[in-house]
Amino acid sequence: MNESAKKASEIRRETLLENLNKRFTGDGFASSLRLGELTLVVPRERIVEVAGELRDNEAFQFEQLIDICGVDYSQYGRSEWTTDTASFTGFGRGVGAMQGSSAEMQRFAVVYHLLSVSLNQRLRVRVFVDDQHPMVDSVSGIWNSAGWYEREAFDLFGILFAGHQDLRRILTDYGFIGHPFRKEFPLHGQVEMRYDMDRQRVVYEPVTIELRTLVPKVIREDNRYAEGSNKPQDPADA
Amino acid sequence: MPEIRNYTLNFGPQHPAAHGVLRLVLEMDGEVIERADPHIGLLHRATEKLAESKPYNHSIPYMDRLDYVSMMCNEHGYVMALERLLGVDVPERALYIRTMFDEITRILNHLMWIGTHALDVGAMTMFLYTFREREDLLDCYEAVSGARMHAAYYRVGGVYRDLPEVMPRYEKNQFRSDKEIDKKNEARQGTLLDFIEDFCRRFPGLVDEYETLLTDNRIWKQRTVGIGTVSPERAFQLGFSGPMLRGSGIAWDLRKKQPYAAYAQMDFDIPVGQNGDCYDRYLVRMEELRQSTRIVQQCVDWLRQNPGPVIVSDHKIAPPSRSEMKEGMEGLIHHFKLFTEGYCPPPGEAYAAVEAPKGEFGCYVISDGANKPYRLKIRAPGFAHLSAMDEMVKGHMLADVVAVIGTMDIVFGEIDR
Amino acid sequence: MDALMNLWEWLGENLIIIQILIKIVVIVAPLMLCVAYFTYAERKIIGYMQVRIGPNRVGPKGWLQPIADAVKLMFKEITIPTGANKVLFLIAPMLTLGPALAAWAVFPFGEGLVLSDINAGLLYLIALTSVGVYGVIIAGWASNSKYAFLGAMRSAAQIVSYEIAMGFALVGVLVAAGSLNLGEIVLAQSGEGGLFNWFWLPLLPLFLIYFISGVAETNRAPFDVAEGESEIVAGFHVEYSGMPFAVFFLGEYANMILVSALTTLLFLGGWLSPFQGWPVLGNMFAWVPGFVWLFAKTAFVGFFFLWLRATFPRYRYDQIMRLGWKVFIPITIVWIMVVGLAVVYEMPWWFD
């Protein structure tokens, strides 16, 4: 990309950030500009109102909803590699499945990626949803393409979208139980399927394979990336 | 008077025009579609969940298997997201190689698309013609990565290796005469770049050939003009991107509007349709074939004159060379750490989008500072397109459903992920 | 002894029947062979059109491929869907093949070389070619499958519509020839001009319409909506396998050959030499038997069937209807009037 175009897009982003800060003030709103990407956190009660504003306001004009992504933050910043316990053969590799969820943060988030074709800019909108009532208002009335994306987030994370016309499962099998992209859902699933010769039909049984961790998840505190704090940042302003 | 009922037709998942595993439940009144309900997910492999359990690099081959007819473009989206997260600057030569292979991929994809689209509409010869040309391009894939389809060629920080000096040739065998083999090898005497250049020289003529079969064909026009019309407003609403959006008359192309890789230096045009029907989308894609050839040619010219590194020299991200690894302690450690643990990007999130042949292919990566992505979300263009199925086929006939599936350029690898 | 005597007497009385049976075998056996090798020709020709080779593994240059196909199909299991009406399901393929073969009864292979030289030959043909559609409809209905049913409905509507255009085209021929007997229609085309004396020139629009309707009648591309493999998978024969499927296949190809042969008879001078009456060429080719010309012309027309298939996309169902009713039928009616006037006023060369 040549320099002037780069400059222009930077200026556009900063203007957009200013406009966002001007327009969306109050409790629960937060905006940030990181890695050249704008993020706006919206309280979940106000998502439909904000979405409509983002689409129709002259300063934003986000005509297109590019993507909706569900996120499960329950194991955010948690390392699998615990080398505290040393035995005489060496360090024990703590590679067991991670348990529990952090209580201080809301567990789920719905992330909307918006694109404005007329102003050539992008925006990420994030709504946090708690574990007890994972429900957000549907934006499918504002962007029709949200229909399937919300079905997907519902299917994979169990996040409910109030006001959605047709909130069925979309990617998983008919009659699937559970929400596979939640962090506590094992990678190999819960059931396996085979054809039973005796009963002459396909049967579902609990999985027999065991989960192996080939490469443990490890968090390195890298000096190059350290900006004051070494703690994993709160995803809200990440 | 007897009761008149609509009936439902189960279209797919084992249907020749379902492009894989699409299951459409069609509510029909005679031949006319009243409602179409696509059921997807039959090819769901949970790529995103798998990626969460692996170091970043291990997921690059998964990307090939998403949209398995535009392999390298998917890789490009993924590595771009990671590069943004890591703050890596890619060497210029790698950018040009990526641009060239993105465009080769686009040609590959569009050839596949026109072949199957025409086959769906009943013109079966097209399919075999396009596969003849795909063969040559897949050979380029093979020459550069060793694999004809699932290349896994792009890496964070560049590409896996530089372009080969020799283009692989056909060997003599008992199934073809030596003369035939010599003829096939004629273009393969030089380097890969020579071969690609030769392809660029003859390809526009071949596109003309395809067009003589279809563009002015009355039956083709009757089958595509006015079918699956989408207005620009609806195209926005339905989340269209790529040729589907341009077919509706919106000049939006990430390669121009948000240039990445070396697209800012390229000279090419964006074809735009007028009516937003299947025929316009057909014309748009046919023109894209020509424009892609132009871009590939420009990349070839640049790459000939500018040798250089094709991957970053930061061994925290890219492995050291084989000799460095064998001879130096530091190289060995880097190699070991990189292949056992991988690299840990700083906590944060990045969304990178490329103009894949089918539309905007985006990767959204959330990192919590670990060596594996905390969450990877793949934005597949086909997903949004397919969700518009109901709207596009309502009131059309059964045969038009097939034409609309064709025009959407559906590949289930990316829709189901 | 008595029984033998009785048989001998019976044979004497019914010699004509045996004669006819032998004739039928003489016609049908080569016809079946033609059908088999027409499939081979199709695969080869379309293969070369599509930059590939076509079958080349079974026998030298793949010549035994049709035989291998036949053997394979014969040994395959015949699956009958649970919900299907068994009797009709099995009768349907025969209903398509039967008429396609029966039509050859009135077909003259040379002057006087015909199984049954009836005067209403043309009417017989029209009648029989229409019967074939019952096989398709019954197959579609009896399969108890929505795809098959859709295919049957499409096919029925299509064949009925194109029958009309075809019929009108034939009316033009019989007005021009002044006879319903196929042999006489051919003889009416002979003359000093050789191939320019044939009916294809004065009846050019009818010729084209007849041929195109013939393509539509036989459910061939670009009118193959009844099978339309990318829409309704295989249409009416989606549930068929093994021999019943093979019989459908035979019927389709026999029909194609029939239509090409009829086009030859009605518009391309049947067994007449194209150089008849020409100064030098006429004598040079005088020794060629009429049968060879007939065969060559039929093959030439048959080639167009294959060419069309390799070139065109498929029509949509309603577009076929539009073409049949709104384009072909008006053209034929107009041209019949033109031909009528030409005959009445004895236009030179053809009708004088």
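We call the chains A, B and C, going by the order they appear; numbering starts again at 1 in every chain.
Criterion: a residue touches a chain if its C-beta (ideal position, glycine included) is under 8 Å from a C-beta of that chain, and two chains touch if they have at least 3 such contacts.
Here the structure is a predicted model, which means the values were calculated and not measured.
Number of steps on the shortest path from chain B to chain C, with steps defined by chain touch: 1. When C-beta pairs in contact are tallied for each pair of chains, A-B comes out on top. A summary of chain positions shows that the Cα centroid lying nearest the centre of all protein Cα atoms is that of chain B.
Using the mean of the Cα atoms as each chain's centre, the chain most removed from chain C is A.
Chain geometry summary: the mean Cα position of chain B and that of chain C are 46 Å apart.
Put simply, the C-alpha centre of chain A and that of chain B have 25 angstrom between them.
Averaged Cα coordinates give chain A a centre that lies 64 Å from the centre of chain C.
Contacts with at least two other chains are made by no residue of chain B. Across the complex, chain C meets chain B through its residues 46, 49-52, 146-147, 150, 154, 221-222, 224-225, 228-233, 309-319. By the touch criterion stated above, chain B contacts chain A in their complex at residues 40-41, 44, 46, 48-50, 53-55, 58, 84-85, 87, 236-239, 241, 250, 252, 257-260, 264, 340-342, 344-351, 353, 360, 362, 364, 366, 368-372, 374-375, 377, 379, 383-384, 386-388, 416-417.
Interface residues of chain A, counted against chain B in their complex, comprise 1-2, 5, 9, 34-37, 39, 63-67, 69, 71-72, 75-79, 111, 113, 115, 117, 120, 122, 124, 143-145, 147-149, 152, 169-173, 180-181, 187, 213-215, 217-222, 225, 232-233, 235, 238. The part of chain B that touches chain C in the complex is made up of residues 7, 9-10, 15-17, 31, 118-125, 128-129, 132, 213-214, 217, 219-220, 222-223, 397-402.
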